[in-house]
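Let me begin by presenting the structure, written as structure tokens, before commenting on it.
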Amino acid sequence: MSNSFGKIFRITTFGESHGAGIGVVIDGCPAGIAWDEAFIQHQLDRRKPGQSAITTQRKESDIVEVWSGVFEGYTTGTPIMLLLRNENAKSSDYEHLRNLYRPSHADYTYHAKYGRRDHRGGGRSSARETAARVASGAVAQLLLRKYDIQFLTWVDSIGSAFYVPEYFTEFTSEDIENNEVRCPHPETAERMIAYIKEVRKQGDTVGGTIKSIIRNVPAGWGEPVFDKLHAQLGKAMLSINACKGFEYGSGFAGAKMRGLDHNDLFYRDNDGKIATYTNYSGGIQGGISNGQEIYFRCAFKPVATLQQKQETVDKAGNPITFIGKGRHDPCVLPRAVPIVEAMSALVLADFALRASAK
Amino acid sequence: MSNSFGKIFRITTFGESHGAGIGVVIDGCPAGIAWDEAFIQHQLDRRKPGQSAITTQRKESDIVEVWSGVFEGYTTGTPIMLLLRNENAKSSDYEHLRNLYRPSHADYTYHAKYGRRDHRGGGRSSARETAARVASGAVAQLLLRKYDIQFLTWVDSIGSAFYVPEYFTEFTSEDIENNEVRCPHPETAERMIAYIKEVRKQGDTVGGTIKSIIRNVPAGWGEPVFDKLHAQLGKAMLSINACKGFEYGSGFAGAKMRGLDHNDLFYRDNDGKIATYTNYSGGIQGGISNGQEIYFRCAFKPVATLQQKQETVDKAGNPITFIGKGRHDPCVLPRAVPIVEAMSALVLADFALRASAK
Amino acid sequence: MSNSFGKIFRITTFGESHGAGIGVVIDGCPAGIAWDEAFIQHQLDRRKPGQSAITTQRKESDIVEVWSGVFEGYTTGTPIMLLLRNENAKSSDYEHLRNLYRPSHADYTYHAKYGRRDHRGGGRSSARETAARVASGAVAQLLLRKYDIQFLTWVDSIGSAFYVPEYFTEFTSEDIENNEVRCPHPETAERMIAYIKEVRKQGDTVGGTIKSIIRNVPAGWGEPVFDKLHAQLGKAMLSINACKGFEYGSGFAGAKMRGLDHNDLFYRDNDGKIATYTNYSGGIQGGISNGQEIYFRCAFKPVATLQQKQETVDKAGNPITFIGKGRHDPCVLPRAVPIVEAMSALVLADFALRASAK
Amino acid sequence: MSNSFGKIFRITTFGESHGAGIGVVIDGCPAGIAWDEAFIQHQLDRRKPGQSAITTQRKESDIVEVWSGVFEGYTTGTPIMLLLRNENAKSSDYEHLRNLYRPSHADYTYHAKYGRRDHRGGGRSSARETAARVASGAVAQLLLRKYDIQFLTWVDSIGSAFYVPEYFTEFTSEDIENNEVRCPHPETAERMIAYIKEVRKQGDTVGGTIKSIIRNVPAGWGEPVFDKLHAQLGKAMLSINACKGFEYGSGFAGAKMRGLDHNDLFYRDNDGKIATYTNYSGGIQGGISNGQEIYFRCAFKPVATLQQKQETVDKAGNPITFIGKGRHDPCVLPRAVPIVEAMSALVLADFALRASAK
């Protein structure tokens, strides 16, 4: 009952980590959008496992297969089904997990909800599901091309000591992709990478934050009450595995401010457009975009699967010890960057279509 | 297109700040729930303006009128319409706002989206809409009574200097309601109140944070992918006027942690139930409740309406100076407490019904 | 869970026959539509009881009250709430129905579903709910004005002997409204009226059919799979109280035909537009409008409330005799005409907005 | 925007006639339903082309592939993706249709709506899409097994001369499946088959009607206002390719009746249950099931593709002559029987879950 997202541009994802494959149906994508499969594959490649020394070494080629909705180079307006086969599914790796509940995973809650679960690699609760989001998010970006909307998403911090400096604000997508941790500040990136390697060596994991800027969103997108633009963005990000928090504009820091400082005063810019001097609003006022940069930050907890012994209970509640097998990420942040971008694009594509419905 | 919330227990709100009234239709409320109008009114009274020296002195009696869906003391399963008349609607107070865009309000974005707006008191963008949420949230709480779900929601901080101490964790609803700022720590409450009065005297406003604990949610509520329990809670909170951030469980602090510290180890408690030693998960794993306490925190920016002169532009983009008239809150936090609680109840009532559909 | 209709132009109705009133919230109506309250009232007057000698003599003035969403003569894009107070609610008239199940009413099924019901005048199952549809359908018609969409809806037959002749195809809205049975063929209308009066004198009721033509719907409205234009029209009509069947285009007669006769051949008309020689398709092909006239027919059963003694059972299943009190229609057809028109307009307004979302 | 059906038990179909395949995602199917793939395949075999001498001779093996949502013999509560590969897709057969609009097909309307279309075999508008409905409808039937709901669906008439006699009411599913036209009355079946063969020999096609009885639906399913049980059934049937009309209970004949004759009087039956003497209501009152047999009838037009020369226009509106190539059904009725059954099951599975949500 919860595998769809979006109102007009609407995706439905399916598939388990160790089934035959995962995929997504996009319903409501307009006809006539030029298909750019290389771009979709590029986004998937940014998310895929095994891409660098600091991600899991599990191998999935994640080649997108287009099963419907595209004809002779253009979308047709009918549902687009994108499929990704599971290749590296060693189910036997997971047999020892069949009857126990891994700490801070969804094993116990799936059992509580469904009375059963596919225990292989987390089944449906695996972050593998996010590949379907990235594929469909890339299609959303194709739709958004006509608005020239730009996404800038990067790893802002790792753990408690490695932050992109506040003063560092001028950089490009290329700067972000320049290193395997997807942090645009080279020195910090280097330190983050070293730290993640250290953490992995200890069999441990670490969390961090991702920041995102979205440029060129026209004023007037979003809905005023429950589907506020930032509320949808927040839901989108919080629905990503391991995301624990979301803030936009001034965020939690804004809660400490006073009105006189926080208010973004309007002026008419050189092009005659109405703009604001400051942007504590994060480009959104009353749930609707105001034409300024949209920006937000989200928090990701450390990966729950550790490469060391942990205590837990089995289904009967008996204490049991286990060791995480398999190949897991010591830190999800680098691979979460394209997922955050995909979810942003899905939210905006939906609002673009909503804004045009009149 | 955005005035409904919930999938099975579904509300639709309507009304502008200075129209005839505001209200809500609740569709999907089961039949046979004992009607407790005094409780609904009580929740509205907690939100209503003019309730204390630190809120706006605007007067609205906010007496709930039940127009449908209740018969002889019980809900009938048909839509429940609750209406609140607008009493204190001095539209002329707002005539000077007709042609200008107040900073950090929704004036400009409504114009960008709709090409027009009801400028009186913010119209639909006014926080007055939240009274409809509180009324329907109280009905959601009636539904949740059979699960004995408890909500504990309080003002956690005001501005940058007034926090409830971390060590202070044992208190009741009564402790929260004991003072007009809805902070359960008496000394902090006193300092908060003094500060808010000071801020108001300066014609300024201030933000803060609200924290919430929800107890007795059964394990197994929530949905695994897009409608994760915390993602719906996050959307719900972020849809409240002035909310800028949301975090649950370990939240942004969790992003700084390492896996070994963050994992919540399972054990079997004295009642034979599976529980966790720690609760960084915030009672939710994989988007589904695990039976532990759910807790979250949200950030509210300072109120945008100041009692002092501000610069802005008119519709044509020309600079103009204006002074906020009317009677406004120097700080929304105390009145936001019942709104946060209402949105929590709406989310949980919907998930309670979803969980039962099988 | 079922009191809303439409995806983008979406209504939610509320209210019981003998509560304080009934009404509707319209969400998704675009901003900037010129408000024409006289037209809305006119449509309500066409539906209201007591309008002629062949309808119920119950009195409801059904004056529409606009509570939100309209400002200074235009829709604002925010929810429009329209309220109709119940005036003629003699609840005591219905006390004898509290514990019995009237034949072919919804008394028994409401009990089976909800375990209780508001027995006064049918409560929520009363056709009074359709007044809310007519009010919101009139707003849908305001939206459709820019397309110049024309609705022609009339009583096509009453009982088994009174049909509008097949050859009779040229008439206007005025011809329909010219008489109280809303049949454009004057002689047939006269005979229908006399028959309905006769039926009423016998304490009996009678069914009939309504036919409808919709002109000027642009080619390309509707959706190809589940939300086919005619499937939505069908659902809309079948959701009207007492409607038992729906057919469009060639309908049931088309099932008897052969392909060579049934196919509508295309040609280019004098304006260079693609048209069809015949129109067995009813203006819809593959669920999408083709620019030709849309037409359909729906069947209404005889009213279940008779002015004579009937056998039934009480809640315990014991046999009981009762007589229908109150003032009821001997035939719903004349008053159903504006309801059919309203539902058509609601379907088309929604598809108009869907068609524009790209 | 229209490729999903159902509110809680919700399917989304995808795929074109001549793409790689078609399929369906089922979201909201409860966990723990025993998987019966043989039954799903059996239902698909009843629909598949080439099954008998009176259907198209096109070959599709239509073997169902289960990609997700099923684990170790049971549904898991996660989305179920079912895929059917397209095997017999000779796209070149359709090259002559690329630039013309076939009469009474969706070619012109797809162009009007989308500005382009996949012309191969009708693309998305092909009845091939209904295979995905049959596959998911079979899953819905698995869910309904616990209620012992029985579907009896048959071909009631072909063309204007071949009807199942009214008096013929006692027969079983086996009687229906006994012959290739799916008509339970052996002599009529024989005559229908001979007629369809004759029609095909002439290169022509013919329509007909399907009737359906659903037994053992508990009283209390359905929703009172817009989602009336019969309104959803009507929409479901009208969404099937070629369906032109729907009636339930007394249907269009009921429109000719008088109230005294039409009312279904209640009594208490031998088991102490409340029942009705007659069943003009078709098992549904006020949109909610009353425990009696549900029955309805739907009309299907003759297939639009003829094996003979026809006039039409090309995209530019120029007259052009073409001959239907490919292998098409002379009459869709026999293969439509399992589709009607599937849509019924989808409607009821959704209402079963809705009824349990409280």
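Each chain carries a letter (A, B, C and D) given by its place in the written order, and its residues are counted from 1.
By our rule, a residue touches a chain if its C-beta (ideal position, glycine included) is under 8 Å from a C-beta of that chain, and two chains touch if they have at least 3 such contacts.
From a predicted model like this one, the values you see are computed outputs, not experimental measurements.
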item	value
Both-way neighbours, i.e. chains that touch subunit C and touch subunit A	B, D
Furthest chain, CA centroid comparison against subunit D	B
Separation of subunit A from subunit D, taking each centre as the mean of its C-alpha atoms, in whole Å	40
Whole-Å gap separating subunit B and subunit D, where each centre is the average of the chain's CA atoms	46
Rounded Å distance, subunit A centre to subunit B centre (Cα mean)	26
Where subunit A touches two or more other chains at once, by residue number	1-4, 8, 13, 31, 78, 113, 124, 224, 354, 357
Residues of subunit A that touch subunit C when the two form their complex	8, 30-31, 78, 224, 353-354, 356-358
Contacting residues of subunit B [partner subunit C, same complex]	1-4, 8, 10, 12-16, 19-23, 25, 27-28, 31-32, 65, 67-69, 71, 74, 76-81, 113-118, 123-124
Subunit C residues within the subunit D interface of the complex	1-5, 7, 13, 101, 103-106, 108-110, 112-113, 124-125, 129, 157, 159-160, 199, 204-209, 218-228, 230-232, 234-236, 238-239, 241, 244-252, 254-260, 262-268, 272-274, 276, 280-282, 284-291, 299-306, 308, 310-313, 317-319, 354-355, 357
